[in-house]
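In the part that follows, the structures are each spelled out as C-alpha cells.
The two complexes that follow have chain A in common; it is paired with chain B in the first and with chain C in the second.
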Partner chain A sequence: MAGTELDTALFAAWIEEISRTVRTEKDRLTRLDAAIGDADHGTNLDRGFTAVTQELAGKEHDSPGSLLALVGSTLIRKVGGASGPLYGMAFREAGKALGDVSEVSVAELSTALEAALSGVQKLGSAVEGDKTMVDALAPAVRALAQAAQEGKTPQEAVGAAASAALAGAEATVPMQARKGRASYLGPRSVGHEDPGAASTALVLDALRTAVTR
Partner chain B sequence: MVGIVLISHSGPLAAEVAILAAQIGGEGVPLAAAGGTDDGGLGTSPDLVADAIEEVDRGDGVILIPDLGSSVLTARLMEGPGVVIADVPFVEGAIAAVVTAGSGASLEAVLAAAEESRTFRKL
Partner chain C sequence: MKKLINSVDSVVVDALRGLAAAHPGLRVDTENQIVVRTSGPQPGKVGLVSGGGSGHEPLHAGFVGYGMLDAACPGEIFTSPVPDQVIAASEAVNGGAGVLHIVKNYTGDVLNFEMAAELCAEEGMEVAGVLVDDDVAVQDSLYTAGRRGTGATLFVEKIAGALAETGAPLAEVARVAKEVDAASRSFGVALSACVTPAAGRPTFDLGEDEIELGIGIHGEPGRARSAMREARELVGVVMDAIDEDMPISGDNLVMVNGMGGTPLIELYIVFAEVTDYLAGKGARAARSLVGNYVTSLDMQGFSVTVCRLTDELTRLWDAPVETPALRWGR
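Take a look at the complex of A and B:
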C-alpha cells in the first residue's frame, strides 16, 4: 500500500500474516524454547493465533484499535503459557492507545507500540538485557519513534522497527536470562536466542510484510 | 471471610494444595483451585481464574496465590479492588493464608501472614 495512513484492513492483514508466520515458524520457536524454556512457545502462540483467526473471521471491525483489543483479549484467554498474558497485554494496550480512529499515522502507531511495551513491562517486570521479548520490542519502539519524528513513511518506519526487533532478538544470544524459566539455568542460558524475543521479531516482520505488500 | 485462589501451572497440583490447605486450615474458608489450562494442559487459564475469584468472593477480599511463570502473569491481569496477589511460596503461603483467613482476619492480615511464610525457615 502506498498511503501514509494505516487502516483497519491493514491491521487485519497484519494479524493474518502473524498467524501464517507463527504457523510456519512454530517448530523453530519451540526448538528455541526447548533449549532454555519449557518447549511450548511455538505451540502456544500457534494455538493463540489460530483462535484469534477464528475470532476475527467474518466480523466487521470498526477500527484498528478495537481489532487489536480483540486480538489481545483472545490471546490472554487462549494461549495458556506466559506468552498469552504478555502478548495479550501488548495488543490490548496498543488497541486502547489507538482509541477509535479509523486510520493510524506513523506517530499514532509509535504511541501504540510504546503502550504495548509499557504493558508488557508492567506485567512481567522485565527490562532490556533480561533476555526476554522486551529486548526485541524496546528497540523496535525506539526505531518507530525516531522514524515518526523524522516524518518517515509507514513502509520506512515499520521496516526500521522490524529490523530493530530482529537485531534485538539476535542480541539476546550472548545474554544470561534473568526472567522466566531460563533464569534458573544461569550461565547455561547463554548462547541461545530468547524465544520470546524471536517471536516478537516475527510479529514486527509480519507488520513489515503487511505494510509493504 | 477472605477468599483464596490457588493458581498453578498444573491442575492437579493446585487441587491437591487446596485439599491440603483446607484440611490443615479448616473447611470453612472460601478456597478454590485454578490450575492448568481450560483443556486440562499445563499452563494457566484466565477464565478458570476469573471463575475461581467469583466463587470465593464473600465481599471481604480475595488473595491470589500463584506458583510459576504464566500463573504469576495471569494473576497480575486479575489484580483489582479487593483482589491482591500474595508473592509467597505456593504450599506454605497457601496454608498460612487459609489458617489466618479461617480466624476471620482482614485481607491485610491474611496477606501479611502469607508473606511471613517467605522468611520462615524450616531448619
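Take a look at the complex of A and C:
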C-alpha cells in the first residue's frame, strides 16, 4: 500500500495482523504476566481477538471508524479482566474519533490514537511511568503526532509510532508498577517488562506490518 | 501437570454444567455464563450480584441461594466477568428493589462492574456497589491499585444477603455491606503456586523451603518471599499483620480459609493457633469458618480473615442460609 490515505481494507488487515501476532506471541505475553501478574494476558487477548475475527468475518464495513468501534465493543464483551475494558475502550474511542470518513490521513490517525490514549487513561487513570500499557501508547501517540506535523507518509508515520511503542514497552523493565496487578509486588515488579505495554507494542507493530505490506 | 478437564477452553462452562446438575436450587445460564437462584427474582427484595474470576470455588457460584447471593457471574479462570454477564445477572435478579454489586478490588473486576453498572442505570435499574478491599498484605496502598478484595467477600455476601432477605432497602443493604468490609482484614500465605489449566505449569516457582507471604487469590506472588516455618510462627506473622492494621479485640468472626490444595487437618492446626493468638489479645473467635471457601485452584496455603463483630453483624451472620457451600439454620 503506497497511498497517502488509509482505507477500510487497510484497517481490516491491521486487525487480522493483530489476531495473528497475538496468537503467535500468546505464550510470551502470558509468561510476562506470570512474572508480575496472574498469567493470563496472552490467553485473554487471544480469546478477544479470535472473537473479533469471527465478528468481522464476511461483513462489509462502511468505514475505518465503524470497524474499530466494532472491534472495541467485541473486546469489551469477550475479554474480561482489565485488558478487555482498556483495549475495548481504546479501539472504541479511536473509532469514534475517526467518524465516518472512508479514508484516513496521518493527521486523522494521529487524532484517533490520541483519543484511544485518553480513553485508556480515563478508565485506568494511569500516567506514564506507572508501568502499564500507557508507557507504550503515549510515546506512540507523540511519535505519530510529530510525523503528522512533519507531513510524513503513512508508512513513515506508523513506523515511527510502532518503534516508539516498542521502545516504551522496553523502558517499563526497570520501572516499579503503580497500577494494576503488578503494583502489589512493589519493588519486586522491577526487572520485568509490563505485559500490557508489550501487547500494545505488538498492536502497533501489526499496524506497521499492515501499512508496509 | 494432570488436570481433570475436557479442554482448556471449556473449563468454566463444563464446571457450571456440573454445578447445575448437582444443585437443583440453582439455575445456570451457560450462554450468559451466570448462576441464579431457581426461585427467580423476589418482588421487593434487593438482588445481590457478585462475580469475579473462576478458580476460587466455591466463591461465587457456591454462595448463590437463600440468605446469600441471588446471582453469580463467574469469568474465565482468574479473569473478571465481562459487562454483559453482570448486566444479564442483574436483570435476572432485579425484583424492583434494586441490585447490589459486590466487587473485589482488582482492576479488572472494578472496570467491568463499573461499565455494567452504568449500562444498568441507563436502563433505569437502581444499582449500588460495594468494593471489598480487606487485604492488609498490600502496603503503601496509595501507590498501588489499593488493597485487594479476598476472604471478606464471603462475609459481605453472607451478611448483606441476610439483610436483603428481610426486605431491607438497597441503601441499607449497601450500608451493612460496606460496614462488613470496613470491619474485616485478611492476610494470605502460599506454600506452593497454583497451576491454571491454560498455563499448565505453576505461575511462579517456590523452592521446597520457601513460602510467599501476602498473596492475593489469583496465584500472583505476594509481598515477600520467606522461609518455611512451623504453623505457630506463620500464624504469628499473619495475625501480627492483621493486628497492626486493626488492633484485635472483643468478639470476632474468623475464617481460616484454604487456598484449594491444603488438607483440612492443616487448616485446623492453623485455626488452633489463631484462637491462641486471639486469646493472647483478650479476644475470641465468637463465630468461625474453617475450610476451602475462597480458593486459588490447587494452591497450597491459607488465609485468615477477621471481622470485628457487632450485635447486628452477629445476628445477620447467624441468620439462615442455604447455598451449595454454606448452609445452616433452615
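Descriptive notes on the structure:
Assume the second predicted complex is superposed on the first by the 213 of 213 C-alpha atoms of A that agree within 3 Å, B and C clash if a C-alpha of one lies under 4 Å from a C-alpha of the other, contacts with A are read in each partner's own complex, and residues count from 1 in each chain.
Keep in mind that, in the parts below, a contact is a pair of C-beta atoms (placed from the backbone, for glycine too) under 8 Å apart; a residue touches a chain by one contact, two chains touch by 3 or more.
Just so we're clear, the structure is a prediction, and the values are computed from it rather than from any experiment.
After alignment on the shared chain A, the placement of chain B and chain C results in a clash.
Of the two partner chains placed by the overlay, chain B and chain C both lie in contact with A:P85.
Legend: residue contacts after superposition of the two complexes on their common chain; A:L123 is shown touching both chain B and chain C.
In the superposed model, more residues of chain A are touched by C than by the other of chain B and chain C. In the overlay built on the shared chain, the residue A:G180 is in contact with chain B and with chain C.
Among the candidate segments 2-10, 20-28 or 128-136, the part of chain C whose C-alpha atoms clash with chain B in the superposed model is 128-136.
Contacts of chain A with chain B, set against its contacts with chain C after fitting on chain A, overlap at residues 38, 40, 44, 76-77, 79-82, 84-86, 123-124, 180-181.
Every residue of chain A that touches chain C in the complex is listed here, in rising order: 30, 34-40, 43-44, 47, 76-86, 123-124, 177-181, 183-186, 188. Those residues of chain B lying in contact with chain A across their complex are 37, 41-47, 68-70, 73-74, 76-77. The residues of chain A lying in touch with chain B in their complex are 38, 40, 44, 76-77, 79-82, 84-86, 88-89, 123-124, 180-181. Against chain A, in their complex, chain C makes its touches with residues 53, 75-84, 106-108, 111-112, 115, 137-140, 143-145, 148, 196, 198-199, 203-204, 216, 218-223.
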